[in-house]
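The next block holds one structure in the form of structure tokens; read it before the comments.
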Amino acid sequence: MAGNSFGKIFKLTTFGESHGIAVGGVIDGCPPEIFVDEEFIAQEINRRKPGNYKNSTARKEDDKVEFISGLFEGKTTGAPIAFIIKNTDHKSSDYDELKDVFRPSHADYTYLEKYGIRDYRGGGRASARETVSRVVAGAIAKLILRKYGIDIFAYTSQLGNIEISDNIKDINPSAIENDILFCPDKKASVLMQQLLDKLKQEGDSTGCVINCVVKCCPAGLGEPVFDKLQADLAKAMLSIPAAKGFEYGEGFKSSSMKGSEHNDIFKSENNKIILESNHSGGIQGGISNGEDIYFKIAFKPISSINKMQKTVDINGNNIEISIKGRHDVCVVPRVIPVVEAMTALVILDHLLLNITIK
Amino acid sequence: MAGNSFGKIFKLTTFGESHGIAVGGVIDGCPPEIFVDEEFIAQEINRRKPGNYKNSTARKEDDKVEFISGLFEGKTTGAPIAFIIKNTDHKSSDYDELKDVFRPSHADYTYLEKYGIRDYRGGGRASARETVSRVVAGAIAKLILRKYGIDIFAYTSQLGNIEISDNIKDINPSAIENDILFCPDKKASVLMQQLLDKLKQEGDSTGCVINCVVKCCPAGLGEPVFDKLQADLAKAMLSIPAAKGFEYGEGFKSSSMKGSEHNDIFKSENNKIILESNHSGGIQGGISNGEDIYFKIAFKPISSINKMQKTVDINGNNIEISIKGRHDVCVVPRVIPVVEAMTALVILDHLLLNITIK
Amino acid sequence: MAGNSFGKIFKLTTFGESHGIAVGGVIDGCPPEIFVDEEFIAQEINRRKPGNYKNSTARKEDDKVEFISGLFEGKTTGAPIAFIIKNTDHKSSDYDELKDVFRPSHADYTYLEKYGIRDYRGGGRASARETVSRVVAGAIAKLILRKYGIDIFAYTSQLGNIEISDNIKDINPSAIENDILFCPDKKASVLMQQLLDKLKQEGDSTGCVINCVVKCCPAGLGEPVFDKLQADLAKAMLSIPAAKGFEYGEGFKSSSMKGSEHNDIFKSENNKIILESNHSGGIQGGISNGEDIYFKIAFKPISSINKMQKTVDINGNNIEISIKGRHDVCVVPRVIPVVEAMTALVILDHLLLNITIK
Amino acid sequence: MAGNSFGKIFKLTTFGESHGIAVGGVIDGCPPEIFVDEEFIAQEINRRKPGNYKNSTARKEDDKVEFISGLFEGKTTGAPIAFIIKNTDHKSSDYDELKDVFRPSHADYTYLEKYGIRDYRGGGRASARETVSRVVAGAIAKLILRKYGIDIFAYTSQLGNIEISDNIKDINPSAIENDILFCPDKKASVLMQQLLDKLKQEGDSTGCVINCVVKCCPAGLGEPVFDKLQADLAKAMLSIPAAKGFEYGEGFKSSSMKGSEHNDIFKSENNKIILESNHSGGIQGGISNGEDIYFKIAFKPISSINKMQKTVDINGNNIEISIKGRHDVCVVPRVIPVVEAMTALVILDHLLLNITIK
């Protein structure tokens, strides 16, 4: 109810504040006898690590996941899997001067309005630091999905006003993984990096668009009415800090299309039913149809900027601040594994749920 | 789990197929002692009625809601409110010829893949007819929200490639309500109507964009991590048939904005904290901040078109069909009260949920 | 949240008041392609019918279930199954004189305290009439369980101070079904009937104990910690009106036993692991072990009695009442199919849930 | 779904195995601004500590709770409260010889049947060690309930065949707290201690009955149909390891009572409605009526005994074992704070839930 859990069967609950002892999570409902490849999990965490890209937050998070329960001789047992990632490099003092301040477009004001109390250190629970727990759970979900041949990858398709011209059929996952900004278009990536450098110097930030693709998702996932697959994906994506929009298939572009252009035509070939196009984005009537599922998420610019900004303090005084802490210029590249993790959680949960009806 | 319920505290479960005896719903968790204004509910259903606009489906649905339980002397008692709306004008025979056919971009194929069985008559459970139950529950939610001064209105902002230039501050709710397409821009509405006429003649359909605004929502609604207010709104909107995208605040536009442009600046005026702008769309850190909440939903073109289309039948034969049934050219105007209803369900549920923490 | 739903995967929501238009329910999560044997359902409802036994309430409920959704050509489709049972013989006027009265040991007072409003006609939502919806859903659950070879039967083991000496191994289900009080011991049944006659004349009522057995339940059902199989059974049983206690296996008797007496000893015979005794009642560590699951439920005497009783009215006046309505002397025999139905809901839900982990 | 969570609004998820790194839990939905009195929590844990009574398990658990998140300057913030209690004194080697053995009446067999894998060390997740996490959460719940004047206490009313003659009106909470077995009857306690000594020498164990009382619970808690207050209490109690039965009010005794004996009569005195008796146990129609809530729980004898027992190993060989580990003779006295904790969780959850309907 309080919103710290996600999923129905494979259920993740996260906990922990940016500047507390640790962040972590509990996975309840993980199937037994899954080998938990800790090296793979470490890699996934690493992809989200600040400092991977020079403009990322200077905060050094040498994130190491410690499993507390649910594993026996390296395998899941069906018991809840609890894990923590200690907060080793948290200079709370950085935040002392922000103690009484509502940072513009941060959650400072709304948390205080809601709870009457807030942990002001580094955004507390509202910090993007929370998402590292999602990456851990998502990595375990990916390990299970692999057994079913399902693969998920996300990439940067726009940063500021630099866009790639993408076509999901042509995206090469290794080109994504080899790029420092997870951008499959080398030229665009170079321009994006230049933009990040420029904004860093200006003390400003930028928004971006992330694309995500689910390959080889079996037909039949998704519940028809309220828990449509796209509805659960939309919720998952909009739960990521700074996300402002979600679209799947043709998305907003479909608003100006005609039915005769947008409809995906079935064809029978060699006794198999295939689709001639995939405007629908792999989902029809809320249920996966076996085609690639693809969608985009819009992210706003990072709210913490080094420029002088007007704001108020908790006593209602008009003041000016410049946020000196260590912060990124853009959610790219760190948000990429988070998008993949949330996608993995949604797909796995629907896969397990679907098993019950067969 | 099977996805026919929505909400945590004010929980709606819908049931019923397009061509069965009735559609309906059960609301569990409605507060007691609410006067259920049946006239208002009838009006809301009426706004969704086919035939309101000449290009809407010719099917005559004289929708009358019958309350079966949960009311006593016109008021809610805290017991579950069950209601049905009979399906009076359902010509199942219209669908006999589609019995063995997978209509392009419909849920026919995915339902059969998922369940191994399907009610092919008029889309069965996948029909947009299901949404009338949402409108009934949404109307009751609106009645409760009114007591808190919260108002919700949706309007058409784009149809095909005809867009209005809107500014939420200037939208006049009565201008919306007086327009046959719920479009506040009279000129645009005329062009949209012409486009609908043209497409009707061509046997084609079109997509659209709907905007929605929540006025006077108190600060503090929304749960910080997974159940952020925008995440629940996104899920609600993407659960509406034909929805393809959701964005709130600046949405996808924020991807190319700088932090210095996008940040909303706090100001203290007359001992009240106000915001100089509302790029955030009334939500920060997943929690409402007291400003107007506004968002957009993209809808794809209606899949049923009168043009000849290639497809396959359930035996895997390549065939051609033209869908002769009665169907709309666009989800506008009928989707408007559905968008409002789903919004009301989300806002009310978070309002009730928030009460528990105080 | 408001407590009108039961189950996680196979989820029943009930609605309706004793003297409203109808009572009914919605089952969400029923597997598709189940043949719904309406004759069997009618039989199950019939077993609960008042008037089966002469001392049962004189109210004639010619209960006929009407399915509104979720079935297609006699089979489930995976869509929610809504059904209603009309209230044909409800003389609300019977209750006019009780309008302002708190009947002793009824829910009149607590409902008004909780909701500030109540439907006083016949107990409204608190009436045992609600349980007919459980019987319908339980009947469908039984039809599915039968496919897995699982059988459930309940019987009367005590009424007032008349007890049978039972041994679950020796109970013959047909002896139960042929007895008007569902009591497998003919002699005891005769004494029980005499007691009921006597109490009827006195205008009094009596409590009873019901036993229930689940035969051929596979090992592995139940979730270890909070959702232990016995915990969910206990909740199910205590949710039945008038239930006051639950015990499984040796129950309260185990409190005075030694470990060396109570422990069930494993034995290997013909390459199969069997148990030499079943003191545990078929569940260990919250999970079924393949043995018969057996348990007992205590029911208090019916609160409505024809004797003059002191009480207060809603204005706080001390008054005297004699409840003239039609009411039973004991929950036996009508509660028997309700106990079985709730058991079937629990077992089926855990069966479906268990499938997801394999 | 996997059963490691309890509660709807104040929701506890527990994790951890007996012989892993730690056990712990996450509380989601705790109201903000609650002062978490760590000394009180330590006392509560201490009441459950082995070694408090000489016949308790010799295992020394110097249980110290470490809060990982959700507290800021000693107060709750509304964020999830995660905590762990390290397993300091776990000799896994004790269990090596039980690795391939199914201990009689333990969860060894059923876990392996369910999951295909098990953590055999000390019962793993099935160990009563898990309940320490419930005590921590229950202590926080008690702190909140105190603000509402609600008090909960449990006591030993039967051990083997030694019973106290109790009357809840006369129980003195301090007499309970001062007794080593939490038994308010000094004479009975001495006999119970003698019985425990005798059984210890014999290598045997015994069952017991625990009573629990909720004082000053406001009227209106509980949801009428499936989530009746007694139903949720029954589930909570039967989720405690070794619990075999639950009854409230007159319980099984009510089965042989008449309505005229059992009914609680309302009386108006000084403008207040009071009850002349409390046979109902403080709950009517599933909702608390403001009287004391009282109930009993039956516990079976501890399954681990030092006597030689026949059993089978995982390869199906008939063998003999004597369980040498450190184990208690009875769940008394250690189960007392667990019963109170589970009661506190149920009452608090219903209290918070009830707030939403007002």
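To keep things simple, chains are lettered A, B, C and D as they appear, and every chain counts its residues starting from 1.
In this section, a contact is a pair of C-beta atoms (placed from the backbone, for glycine too) under 8 Å apart; a residue touches a chain by one contact, two chains touch by 3 or more.
What you see is a predicted model, and the numbers here were worked out from it, not measured in a lab.
The chain with its Cα centroid farthest from the Cα centroid of subunit A is C. Interface comparison, A-D versus B-D: the higher number of contacting C-beta pairs is recorded for A-D. We define each chain's centre as the mean of its Cα atoms; on that basis subunit A and subunit B are separated by 26 Å. Centroids built from CA atoms put subunit D at 40 Å from subunit A. In this assembly, the C-alpha centroid of subunit B lies 47 Å from the C-alpha centroid of subunit D.
Those residues of subunit B in touch with two or more other chains are numbered 1-2, 4-5, 8-9, 14, 29, 32, 78-79, 114-115, 125, 224, 353, 356-357. Subunit D contributes residues 9, 29, 31-32, 78-79, 224, 352-353, 355-358 to its touches with subunit B in the complex.
Those residues of subunit C that touch subunit B in the shared complex are 1-2, 4-5, 8-9, 11, 13-17, 20-24, 26, 28-29, 32-33, 66, 68-70, 72, 75, 77-82, 84, 114-119, 124-125. Of all residues in subunit D, only 1-6, 8, 14, 102, 104-107, 109-111, 113-115, 125-126, 130, 158, 160-161, 199, 204-209, 219-220, 222-228, 230-239, 241, 243-268, 271, 273, 279-281, 283-290, 298-305, 307, 309-312, 316-318, 353-354, 356-357 touch subunit C in the complex they form.
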